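Look at the two complexes coming up: chain A is in both, with chain B in one and chain C in the other.
Then we have the complex of A and B:
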């Protein structure tokens, strides 16, 4: 295997609210190598955004807390380091692009000032040096006339431009890991295509590893090397991109793929997944997908299946496959639960 | 022969722009600028376009929720813009709308029964027991039930709320439903349920849909004919097959190639459009797409192209086809 950049082991992020404990992320394992893109796909409430906030160390505490697990980034376990150490890593070695470019930029500072701040804070550059670097970065993300743009405020830019500024800011310190949480959801399709292409170009240029979080399977099909499908805080399927689209294993993945209308393969009627996404403080017992699953069996209602390894790069959490195959995660750590 | 249910003729909507202290409103945002199309009875007509193209304004103009600046909207042979208020209200029974955001289009303080009942009250359709029965009937038609009658919107998921919005729109037995991005705010797995429901209801109640969306794959699935809008103008109209198989306008082609393909082995054509969508407050001269079009020539910068039939009922507004 190539060099691992990030390894997450049995991560559990819970929220302790008046209505009870919300298991937003419930025992997730993943690995990410250098230069690789990992897609995390899920619907609202699946825990995909909480995953990214956990890695960034931005879980609001209280009510949220990482109750168990390890986030190993290079040689450090991010769950154990001090706040000031985290601050040095965040924005420098790991950075993040958020969904809403409108709300994640500060409206009262010019974009130049906001990007320069990153350089001053993390690399201790002088004002002039930071300005030079900022202009360079804005050029890289395809913003024309950056010398003039740095004096503009976020409200003077279009949505696509703001997302470019966000990307420039995130990549300013040449991070090794970039987390993009629904980076194109708020954008129009033609602009979405631009941003995805930009991220792909930059990945090759800078050899950044990317975690791309989205609800849109089309977005990850073209960009990700591996894909995690999440549902109700758990990994349902973890597989390389080709096999997930060609031969989805988990009933949920299968249902998701079937429910998207495809232009090249028109059907008269879409096959929808019945029911709704469970609300996060009321996950079903047993397998969290069983109430909506067309293959549901007796056992699914009683006991949640473990994530098992089917082939080299394919892992799935479903009773359908469990009898024949050996357990993969059992031997490390899931006895405790 | 098909019957025309709705004809929009040279409709325009200009919003005055207030600038400076003097409120000089000589400048306008041309949200919709001279568009014409017809919808046949029983069909699903789609309008696609990106934000700011005027697709939602068009939908609202048809219901006169926004008064058009100019033009005609002819519903079953009658120009509805000439109708006085009371007649217009009667006509609204036949045209209803489903909104995009199921979270903000329902009153949080009304129970579902009251939300739908209000429609029946206003139009004096039913009272008392009859009203309750009608509401339950409607809820059942959209896959909900009598047990939901006394619940409040916050108790429902997004998909269920959209079902309620649809039930409310159906309450008056309309013929034409304007669907303004009805599935955009929903989770993927729920989207398909609502699309299926809409198709079932169309058959059951002989509905005509005007389906407004930015999602081309959904539009391809549900629509019979499609108009593509760009900054207030229709740039291409065609039936679904023609539009997706041989798109004529460069913008349509770019839109189609920008759809993310759910197959990692298909190499995308990667015809990525450069630049941003210009603001409708200050649209480019000539063809509005020329700033982003790689085929643009001198004439595109100066002369605005007209919609022209290039065969098979495919209308295109582009100088390349002259």
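Then we have the complex of A and C:
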């Protein structure tokens, strides 16, 4: 049995703004084992980035705050530890790479300095040792002539190169968890594939667990073991990768999959989910997805469904299944997770 | 980097040429006859003609210009009409005082401006922010001649801590420096504040935090170097402005610097002195800007390669 690395229980991250409370993350549970890759999928505004910043302890406060829940990393609850303890974990045991490699590197420092810094602060290495390790790391992420590259500034590198530098920086201290927030969104398709492959290779080499956040189901298809589909701060579906592609349960997941064009079925018009994610301070009462759902029923308007377990590794938050279940077998009580 | 510096130096040459042309034409564009001023109201027509001859005003314009430029390059700016002493010598006697005040004011303005700016940015919308911004607003909006008199009244006359006028000891420099630097300080404080606030929102600051760096490293190294870039421009521009600003401050504190020298020369139409002082101030302005550009290049690698 693989060991559990990260366990999130009922995480709630709210933003208290003048316009009202924004429930960016609203009661999310998840588990991640060592060496596993978890994909978190959702549209912009679904709360997936806020989820990752919550794990990193980097929610801008004010206005944001983790109001409830636990983030258990190894044997610590990250919501309870001190700031300096958190700093020792960030960049060391949990690292993160971001969407925009263009703006995520500091333009006025060489990339060498920016990576060496990590070694200096977490491992207390001398300049020479840190430099040596940095060169090694850059080589590992596939940057040629690293001895020369460390003296270059971010503006001298291409987007793909910068993302490789970000990965080198994140993996410098061999973290146990890597959070990648849309790591390929800003890159060309060919570079996207390279970066995803690199992350997957390094994951096996270094035995790192990965949380891969994306709005693109195609990105997680090849790399993730399990997938969480988020909508409006809530988990809509939780499933292993194979079943989600073969047999999506939630209408939202279905919509996301339908909007990917298939190579064997030419269509005139790409299908899309009508409407947009509701702005988080006026979520509809009831199920947050019902205004856009093609299966919407009366009950969806009134009451939000709970996340229920369908099979061992499949959970879904939809009245469709709760109704079915209670309809098919009245004695079987739908299990709350 | 060396190429960048050489490039910038070459770009300065046409500017310097333009300045010399302007300074030279001043003599001919300003109403009044310098020759007549030199010899006095009661001079005869011959005396005026003779003075004109001495000043070289009879020669063709281009000839006058080239000899002016040639002499200026050799360091000869003519003789003062009032004292008959070489203008260069007169300027060199006064320049150090003015430069001391201007540099002092720049250091004062930069140090306190940045300090207040950082305090304000870190305490955004809190008490520290409000306090430092009120101070900087006051210092930006108080005219220097008024501030000078006010400081003199409080610190010299009432408290008796500092001398009133003159520049004989280092202590004498304090009030002129504060007076001259106050406006720039307010400006730099506001620039640093908005620069820091802007930089602190950038993605790379989030990256720095995500690396687990201590907050002081994030702010004073990662954010500050970026926030410094616009501030350097202001500091440079203001330093040039401070040289000109000494005109008022030196008059208020009766400091024998180049600013007061210029004012006196204008009042009595001592043209060679006016030309000389304006030229020196303008050239310093250009050279300081050159220096600022080079520092800019050192701070921001993106500037170097474009």
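In the analysis below, the second predicted complex is superposed on the first by the 317 of 337 C-alpha atoms of A that agree within 3 Å, B and C clash if a C-alpha of one lies under 4 Å from a C-alpha of the other, contacts with A are read in each partner's own complex, and residues count from 1 in each chain.
Methods note: a residue touches a chain if its C-beta (ideal position, glycine included) is under 8 Å from a C-beta of that chain, and two chains touch if they have at least 3 such contacts.
All values reported here derive from a predicted model rather than from experimental measurement.
If you put the two complexes together on chain A, you find that chain B and chain C both fit without a clash. Within the superposed three-chain model, A:117 lies in touch with chain C and out of touch with chain B [touch as defined at top]. Looking at the shared chain after the overlay, A:63 reaches neither chain B nor chain C. Looking at the superposed arrangement, the partner reaching more residues of chain A, out of chain B and chain C, is B. After overlaying the two complexes on the shared chain, residue contacts for A:156 are found with chain C alone; chain B is out of touch. Contacts of A:20 after superposition on the shared chain: neither chain B nor chain C is touched. Rounded in steps of 10, the angle chain B-chain A-chain C defined by Cα centres in the superposition reads 70°. Once you line the two complexes up on chain A, you'll see the smallest CA to CA distance from chain B to chain C is 6 Å. Residue ranges of chain A in contact with chain B, taken from their complex: 43-44, 158-161, 188-194, 196-197, 215-219, 221-222, 241-242, 245-246, 255-263, 266-267, 269-274, 276-277, 279, 292. The touching residues of chain C, counted against chain A in their complex, run 202-204, 206-214, 217, 222, 225-226, 229, 299-302, 305. Of all residues in chain B, only 50-51, 157-160, 187-193, 195-196, 199, 214, 216-218, 220-222, 244, 254-265, 268, 270, 272-274, 276-277 touch chain A in the complex they form. Contact residues on chain A toward chain C in their complex (touch as defined above): 56, 58, 86-92, 95-96, 98, 100, 103-109, 117-118, 121-122, 153, 155-156, 166, 169.
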